[in-house]
Structures are given as structure tokens and as C-alpha cells.
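Both of the next two complexes hold chain A, though its partner changes from chain B to chain C.
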Partner chain A sequence: MHAVVFIKQVPQQNSVKITPDKQIDASGIEPIISLFDEYALEEALLQVEKNGGQVTVVTIGGEEQIDALRKALAMGANQAILVNDPALATIGSLDAAKVGAAVVKKLGDFDAIFCGKQSTDDETAVFGPALARYLGLPVLSYVFKVHELDANARRVVVDRAMETTTETVEASLPAVLTTVKDLNQPRYPSLLKIKKAQKADIPRWTAADLGLNPTELAPKVTYLDRVPPPPRPKGSIIDGASAQEKARKLVDALVDTQVI
Partner chain B sequence: MNFELTEEQQFIQQTVRDFAQKEIAPRSAHIDATGEFPHAIFRHMAELGLLGLPFPEEYGGAEADALSVALATEEIARGDGSTALAYLAHIGLGSTPLHLFGTEEQKRRFLTPAAQGEYMAAFGLTEPQAGSDAGATRTTARLEGDEWVINGEKLWITNAPIAGHIIVAALTDKEQGRKGISMIIVPRGTPGLSFGKHEHKMGLRGSMSTAVFLNDVRVPKENLLGQRGRGYSHFLQVLDGGRITIGAMAIGLAQTAYETAVKYAQQRETFGKPIGAYQSVSNMIADMVVGLEAARLLVYKVAWLKDQGQPFSHAAAVAKLYATEASEKICRDAIQVLGGNGYSSEYPVERLYRDTRLLTIGEGTSEIQRMVIARHVLGSFAAQL
Partner chain C sequence: MANEIWLFVEEHNGELTAATKELISKARELAEGLGRHVAALVLSPRAAEIANHVFGYGVPKAYIVEDPALEHYTTDAYVGAAAALVKQYQPKVLLTGASFQMRDFTAALAADVDAGLGADCTGVAVRDGQIIAMRPSHGANVINTLGFNSDMVIVSLRRQVATEAQAVGGTGEIVRGQMPQLPQRMKVLKVEDKSNAVNLADSQIIVSGGRGLGSPENYEKLVPTLAQAFNGAYGASRAIVDAGWVPYERQVGQTGKTVSPKLYVACGISGAIQHLAGMRNSGTIVAINKDPDAPIFKVATYGLVGDVNELLPALTEIVEQKTRS
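Let's look at the complex of A and B:
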């Protein structure tokens, strides 16, 4: 089977600072693979290990995204593709999905597409469903367990995590799966694969390579304002004569602040 | 001069840092309190390919350079000292001699399983009468037919009871003195091989260093590692490399002590101010920064020299001496910054201090490093003595 995984490199939470003129301060940003995408990648690797086949990872973005792709290769992905075109530097999630669909079409043969339920920077949760729409495929969002993924029978059965319930659903392949946290335990990159990952030839595709017209992909949303989150209030130590008393005070405090 | 790490070195550093912070650091207090060897961590490290980091791919290694190994060791030690010691003994002492001196067959039989993490490796040099004076080895090996018959006692052999093989230094030609020492590979389970108790140590309690008893231990003639009679110079070469990772381990422990002290100095208030506002505290922090920075430069430089194929024995002694003594001072000062809390096992600094304390002793004491360094400058005065 051929699994295609879309991953995105995002800033580590808390490493983003906003400058006084409300721009993003790029210094000090620690890049990581977006949390949910790591689960998507791990699931694709697991399924391919079980069923045989190939994993292709794809990222849309600048050269700095190469690190995320190399990490994915060192985790076990077979090939990586970077869609890098200055014309795409500011695209929104919907258009990114359009680009993603063009990538998948160019790859041609595939059985399943994995992506995180949303990225941890833009948080739109649009990419996966929109990608499915552009490709005319079923979308299984919020997947937290894959029961069966059978490329020969062209069948996939998963559990979806809804707000309060779970659903078990079946769809035909190919399909788009978006993953939630904790559906598996993402592996660490293998040091044995680092050399190969460093040397791997990662093709750069442009909008033109994908037959896309960049002017149609101009941003449709404009940022008007950015407000940094309020600083975290100072913690306090809960004192008490006994563990019971401390626990009671803690519970009271949590109720007072409506945490529970 | 170029102080940039290569992309590969950064990748290895970042991967091991993530792994050590998530999988090792949270278990460090438990490992110290119980003295349990961290088997699960080592199984996980094997999966990642850490246990064969510097060795050729054909033997299951990752073929990383010496600087990468130093960076990885530093990150592991940032997570936990016991794990770091067992790791560097496995790589630097138990496996490296095979890489340097092993025959093809020896590499297949012993380096490959060690590099793939099927088992831990150990190196037995120290004896009751031969520590700093490693040439005073009394363990003997005599050839009987096609077998070496080994008799003697080793002390403080890290990983010994869990090792798949132990490389022991033994006198094969007694009358030749130092020039009669050879290295021999002893596989686990060989009859006549037994171990002392898991020593109760000041620190590094989760790593196992025990006595090894060799009582008419018979191994095939082919288990001679390197040249007969060249064991002494062979293991000096092994120890030169080992000193780099001991220095890296010292940095890792000191880094955690430093970070703990910085956080504490910013948060703890006395007399209405954070203690970091007082010079006697902030000076300790400043000295920690300098010690760490200098130790890193020395250790990374000697690793770089090794990677360039240049002589590095002298630089290794300099780096090992400085990094381990700086680490001891940094961990000591971190306790001081934390006041009463520093003395408590609720905080990691007292453990780090106990852990780093070994490093001015193992793989050549500070005194021996000074001797090596001074001899390099002054000559040995052998003629005058």
C-alpha cells in the first residue's frame, strides 16, 4: 500500500513571542513537527509495517521545513517531497489543501492519506476535510483507532473520537484520515537512519510543477490584529496540616476558579 | 575555526535530547533511590540505534563521529548519570576495543550484538592491585592447547554482570611485565566466571560495577583481541577515547545542576528579593556558565581532533581533567544555591553531585591526568629518577 502523510513544521508551544508592533518574533522559535501530524505519521508507518508498502511524507512550505521531512525519513518514511514556491508562502489552509490535492494527483497511485486533525499553529482543522473534498474522497476525521486498513479489499475501519461518544465507521479506500492525539505513540527517529535521511534527495516541487496558478492561491484571510496571551499568573503553594487538608483546600481552589 | 555543528550532529543531539528528557530524566530519581539498572531504557536506546552509535553500519552501528557520541552522551547524562555511565562503559570500554583491534570474525561475533543492543559490553582492567597503575595487572592467561586459561580478579567492572562479553586485560607473558599484557574476550556464561555484589556506591547507583572473578576460565585462542603483548598500549588508546565521553558526561550532569540552580535563583526570595539578585548567588551562577562553556569547548575540541584523525591523547587528558572538576564544582555550587533544599533528594542537585563525583576518579584520576599533561610538557624525568 502507499500511504501519503502531510506534515507541517510548527513552532514549539511557548517558543513564539510577539513583538511590540505585533509581528511574530522568529528568533527563539523551536521548530517541531505539529503534534497531531506526528500521530498521523506514526499511524501510517505502523499500517505500512503491518501491510507492506511505502510512506511518502509531504510538506508545503519554505526550506526550513526540510528538517521536519528529514526527521520523518529517520522515523521510517520512504520518501519526502517539499512543495516550495515563494508564491505559496502565505496561502491559507483551504488553498494548502488545493496544493495538497495536486500533489496527491501527481503522485498518482495511493491508498490512504493521513494528516493531523489540525495544526498546532493555525488551528483551522480545514486541511484534511478540504483535501478529501478536492480529491472527491471519503474523509474520516478525528481518528483515534484504526481497526483495519486493507489496501487489497479497499476498506478502512476506524474509531472516531466525537465530543462525548465514539463512532466506528467504515469507508472505501482511498480515503483521508485525520488523527487525534494518543492514537499511538510516535517513535523517535532512528539514529541508524539519520545518515540516510541526511543524504536523501528530497525533490522540491513548485506551483508550476503541480499545474497550479499561484494568483488563484492568494490569501483570502487578512490578519488585522494579534494579541499575545496574558502572562501566566504566579503559582501559589497550598499549605495545610495534613494531606487531607491540603487536598481539600486544593479542591476548593479548583472549584472556585471553575477549573472543575 | 568553525564552531557550527553539522546538520547530522545537530540532528543526533536533538533526537537524543528529546529522548533523554522524555524517557530518561523522569526516571532518574527512582534509579538512584532503588539502584535498579534501567533495563527498559536500554532496550529503548537499542531500538533507536544508540548502543552502536559510533560503529560501522555493517556491524549494526550508526557510524556517527566522535563529536556526535560526545553530544549524545552529554544529553543522556543530562537525563540520568547511572544510565550515562552504563552507556559510555558499553560504547567506549566494552565495544570500542573490538572496533579498534578486532578481527572480522570478532567484530561479527561480539561487536555486532553489542552495537545492536542485544547485550551490554564491559571492559575489565582494574584489579585490587592495579588501578591507576594499570600496568600492575596480575590476572594471568596461559595458553593450553587451543585455549586461554584465565585466572585473576577484577574490581569495579561496569556492566559486568549484565554483559554479553567482558574484555579483560591479563598477563599472557608474565616475565615481560607490561609488555606481557594482552586483551582477551570472555563471553558471558563461560564456566569459572563469576561476579561480586552490586557495589553500594555514593552515586551512579543504577549502574552496576562489580568485582569479576576468573577461575580457570577457558576461552578459545581466537579470543585474543589485538596483538599479544600489546594490551597495555591498546587499552591506553581505548582510555584516550573514553576520556572524551567521561568529559561529556560531566558536562551533562553539570548542565542539569546549572539549570536547576538558575530556576531556583529566579524564584526563591529572601529579604524581599529573588536570591539571584545577591552577588554571592549570582557569582556562582556566572562561574557555572564559564565552567560549562569552557568544558564544552575542550571536550568538543578533542572529539573534533579525533574525528580529524589527529593525535588527541594530550587534549583528552586536558578536557577530562577540566570538565570533571568543573562539573564537581558546578554541582557543589548548585546545592549551595538551593540552600537546605539542595541537600534534599526532593531536588536533583545532591544526586548530581554524588554522580559527578566519580568522574574525577574513573578512567584515570585527576592526579593521573595532571601527570599525563605535565609529562607531555616537561618530559618524564625518567632519567633523573
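Let's look at the complex of A and C:
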């Protein structure tokens, strides 16, 4: 089988700065593979180990994203592709999914596509379902267990973790799966594999390579403004001689302010 | 006909969900701002009956698809049905809730109908005759104001960002759409309620515990008990979810749930940036921590410095007295 995994590199923690032209500046923050994407990659690797085949990892983004792809290769992916085009520098998740669809079409044969349920920086949870629709495929989002993924029978059965229910859903392959935490235990690459991945050849594709016309990707959403969250109102420490007194004063304050 | 403000209707046990009632208020506000009309989108095997409930809240019109294929949500069936209606009637705006299901739905629908999409927003409004939406990103460290240059705008809205519409009685007009012929690619085999399931995003009061609780037994003894006294729900930091004390669905934070209850009580939680990402929009924040320099106190409305083992039982007792009286 051929599994395609979309991964994205994000700041490890989100104390980012906002530039005067309303872009996000994450300089100085350690970059990592977006948390949920590690589960996506691990699941693809596990399924390919079971079924035989290949894992391709794809990132749409700038040159700095190459580190995430190298880590994915070290974890065991067979091939990595970076779609890097200045015309795509500020695209959002919906348009990135359109680019992703063009990548998948160019790759040709595939059985399953894995993405994180949502990125930990933009946090839209849009990419996977949108990608599926652009490709005309079924999508299984919020997957936390893969019961069966059979490339020959072209069938996948998963559990989806919804807020208060668990859904067991069957779909035909190829399909797009988006993954939540704890679906599996992402592996640590060995030092040897990390070294090897440093030397791997990672092709860069442009929008033109994908037959995409940048005007098709003109964003439908613009950022009118980006600001840090408003500071929270100043709080106070509640003192008291005993735990009981502190607790009583707190409850009085909550009642006075009609919180309870 | 075109250019209406639509809202997606969800029902649970014969009642409109609280989220839907919030959407009705919001849709009405946008419709007034733009000089348009409000209409509901109802996809269900019982769509006509549900539409009648919506009319009772003053919504004058509903676009419905009534079909057995809509018994359980599948992206194929729901987005297929909605896309056909949207293409035919071309609403200006569609508002939905921001549950997992609706975020799957809105992403897929936006791709199908080429709409601009604001996902998981905390606000939507009319400014200078245009729709704008507010959405946090980067673990609530960035608040984005989105503008749209598409014909249609889809916005999924978080809970507790608008007042719930009130029932006023009334009737309305039903416009029926067809269930499109779709390939049978997806099938829901089973839907199971999670045991002890709680939708933290819906809870008005949340008591969360962290590593400061010391052990899973201690967490179990102190945190759910206080939550119960408040008649609220209980959550956790990632540290203790990863340690296996508490299941993942109770994790609050950047890689867990984002919540904005009226009251959030953080017990034995240090207040790491990734935890704050999930709860800093709460109304009132109470922090209970033995370390006076713990970062959680920077966002707290009220801070109690001390040991959770003493403060939580004391607090539980006093809250119980209050709520009994």
C-alpha cells in the first residue's frame, strides 16, 4: 500500500510574536512536528509495516520546514516532498488542502492519506476534511483507533472520538484519516536513522510543478488584525488563617460576584 | 431569496441544543446588521418536525432535507445534502456550532462550495457592511480578526459566545431540498456513549486538577467531589493525563479541550502556557497552588496559596453548604 502523510512543523510552544504587518513571528522557539501529525505518521508507518508498501510525507511550507520532513524520514518514511513556493507563503489551511490535493494527484497511486486532526499553531482542523473533498474521497476525522485497514479489500474501519460518543465507522479506500492523540505511541528514531535522514534527497515542488495557478489560490480569508489576547483583569490573593477561612472568603467572593 | 443568513440546527432529545439557540441570536444580529433575513438549515430524517421547533424561536424559514440517510452524521451525506441547498439558494452566511462534527462538516462544505471559512470562532459580526469573525490561534496567544472576500462565508462558533434565543412561538416556511444520489462509501456501524462522558466545552463550571494532586487516588478523591459540589464538570492538566491518572478527553489545553466556563478552578496546576491556552478565556479563574510564584496566579481572578489536600476538602464543604442553603 501507499500511505501519504501530511505533516506540518510548528513552534513547540506558542509564545509567538506578531509582526507589524500582522504575520506570526516564531523565531527563537524550537520547531517540532505538530503533535497530532506524529500520530498520523506513526499510524501510517504501522499500517505499511502490516500491509507492506511505502510512506510518503508531504509538507507545504517554507524551507525551514525541512527539519520536520527529515525527522519523519528518520522515523521511517520512505520519501519526503516539500512544496515550497513564495506564492504559497501565507496560504491558510483550506487553500493548503487544495495544494495537498494537487500533490496527491501528482503522486498517483495511493490507498490512504493521514493528517493530524488539527495543527497546534493555526488550530483550524480544516485541512483533512477539505483535502478529502478536493480529492473526492471519504474522510474519517478524529480517528483514535484503526480496527482494520485493508488495502486489498479497499476497506477501513475506525473508531472516531467525538465529544461524548465513540463512533465506529467504515469507509472505502482510498480515504483521508485525521488522527487524535493516543491513537498510538509515536516511535523515536535511532541515531543512525537520524544521520541517514540528514543526507536524504528531498525534492522541492513549486505551484507550477503541480499545475496550480496562484490566482486559483487567492485567499478567501484575510487577516484584518492580529493581536495578543487582552490581559486578564488583575486578580487578588485571598488570605486567611486557615484553609477553612480562605475557602469561606473565596466562596463569599464568588457569591458576591454572582459567579455561583 | 439569496443572501440570507443561515444557521445549522442541531437537536438533542427533542430539544434544540443550547449551541443552536446561540446561533439563532447571532444569525439574527448579523441579519439586522446586513438588512437580510434569517433561515435555518435542517438535515435530519425528522427535519420538518425540527424545523417547527425552530420556528418557535422566531426563525421564519427553514431549508430542510428529510432523509433516512441523515440518521447518523457522515461527511458524505451531510455535506452532500447541504452543498446542494447552498448552491441552489446561495446564502450569504452559514453559522454552525464548533463541535467536532460541525468542524468536519464546515471544512468539507467550504471546500465543496468555495466559501470563505472561519473555523472555531469566538465571535462574528458586521463591520462596515462586511462580515468579520474573531478566532484565537496559537494556543490563544493570538486573536485574529478575519475578513472575507468570498461570496459565501461559513463560520463555526464556539459555545457561550452569544445569549440563547428564547422561544416566542410562531410558524414559518419550509423549503425542501433533495437528498443527492451519493456513492455508498461511508457507514456508521456503531455509536456508543462514552462512560462518564462529559462535554467540557458545554460546562459552566470546571474544576481541574494537576500534578499537585500527588496521586490518581488523591485526584479521584478531591477533584470530582469539588466539581460535584459546584454542580460542574472536572478536567485535568496534560501532566496527569499523560501519567494515566485521567482519560485524555478530560485534558484541558492546547492539545486537549479549549473551554471558557463561567468558573474555572485550577488545583495543583502550575499554569504552563499550553494549559493556559485551553482555559484563559474562562470568566472567573480560581487558582489553588502551594507555590505563590506559580504562573497560574498571573491569570487568576482569585488565588489561594496552600495545599490542595487542605483547601479542596474545606472548599467542598463550604460550597456544599452554600448550594444546600
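FYI, the second predicted complex is superposed on the first by the 215 of 260 C-alpha atoms of A that agree within 3 Å, B and C clash if a C-alpha of one lies under 4 Å from a C-alpha of the other, contacts with A are read in each partner's own complex, and residues count from 1 in each chain.
The rule we apply is simple: a residue touches a chain if its C-beta (ideal position, glycine included) is under 8 Å from a C-beta of that chain, and two chains touch if they have at least 3 such contacts.
Being a predicted model, the structure only gives us computed values, none of them experimental.
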Touch check for A:Ala153: first (chain B), second (chain C), both, or neither? neither
Who does A:Ala243 touch here: chain B (first), chain C (second), both, or neither? second
Quick check on the superposed pair: does A:Thr164 touch chain B, chain C, both, or neither? Answer first, second, both or neither. second
Which of chain B and chain C A:Ala208 touches, first, second, both or neither: neither
In the overlaid three-chain picture, which partner chain does A:Arg70 touch, first (chain B) or second (chain C), both, or neither? first
Between chain B and chain C, more residues of chain A are touched by C
Have a look at where A:Pro129 lands relative to chain B and chain C in the superposition and call it first, second, both or neither. second
Chain A-facing residues of chain C, complex: 72, 74-76, 79, 99-101, 103-108, 110-112, 114-120, 132, 136-150, 185-194, 197-199, 201, 205, 230, 248-249, 254-255, 262-263, 273-274, 277, 280-281, 283-286, 292, 297-307, 310-311, 313-315, 317-319, 322-323
Chain A contacts chain C in the complex at 11, 13-16, 18, 24, 35-36, 93-94, 97-98, 120-134, 138-142, 157, 161-172, 175, 180-182, 219-230, 232-233, 235-238, 242-244, 246-248, 250-251, 253-255, 257, 259-260
Of all residues in chain A, those that touch chain B in their complex: 70-71, 74, 187-195, 197-198
Contact residues on chain B for chain A in the complex? 7-8, 11-12, 15-16, 18-19, 47-50, 52-53, 57, 60-64
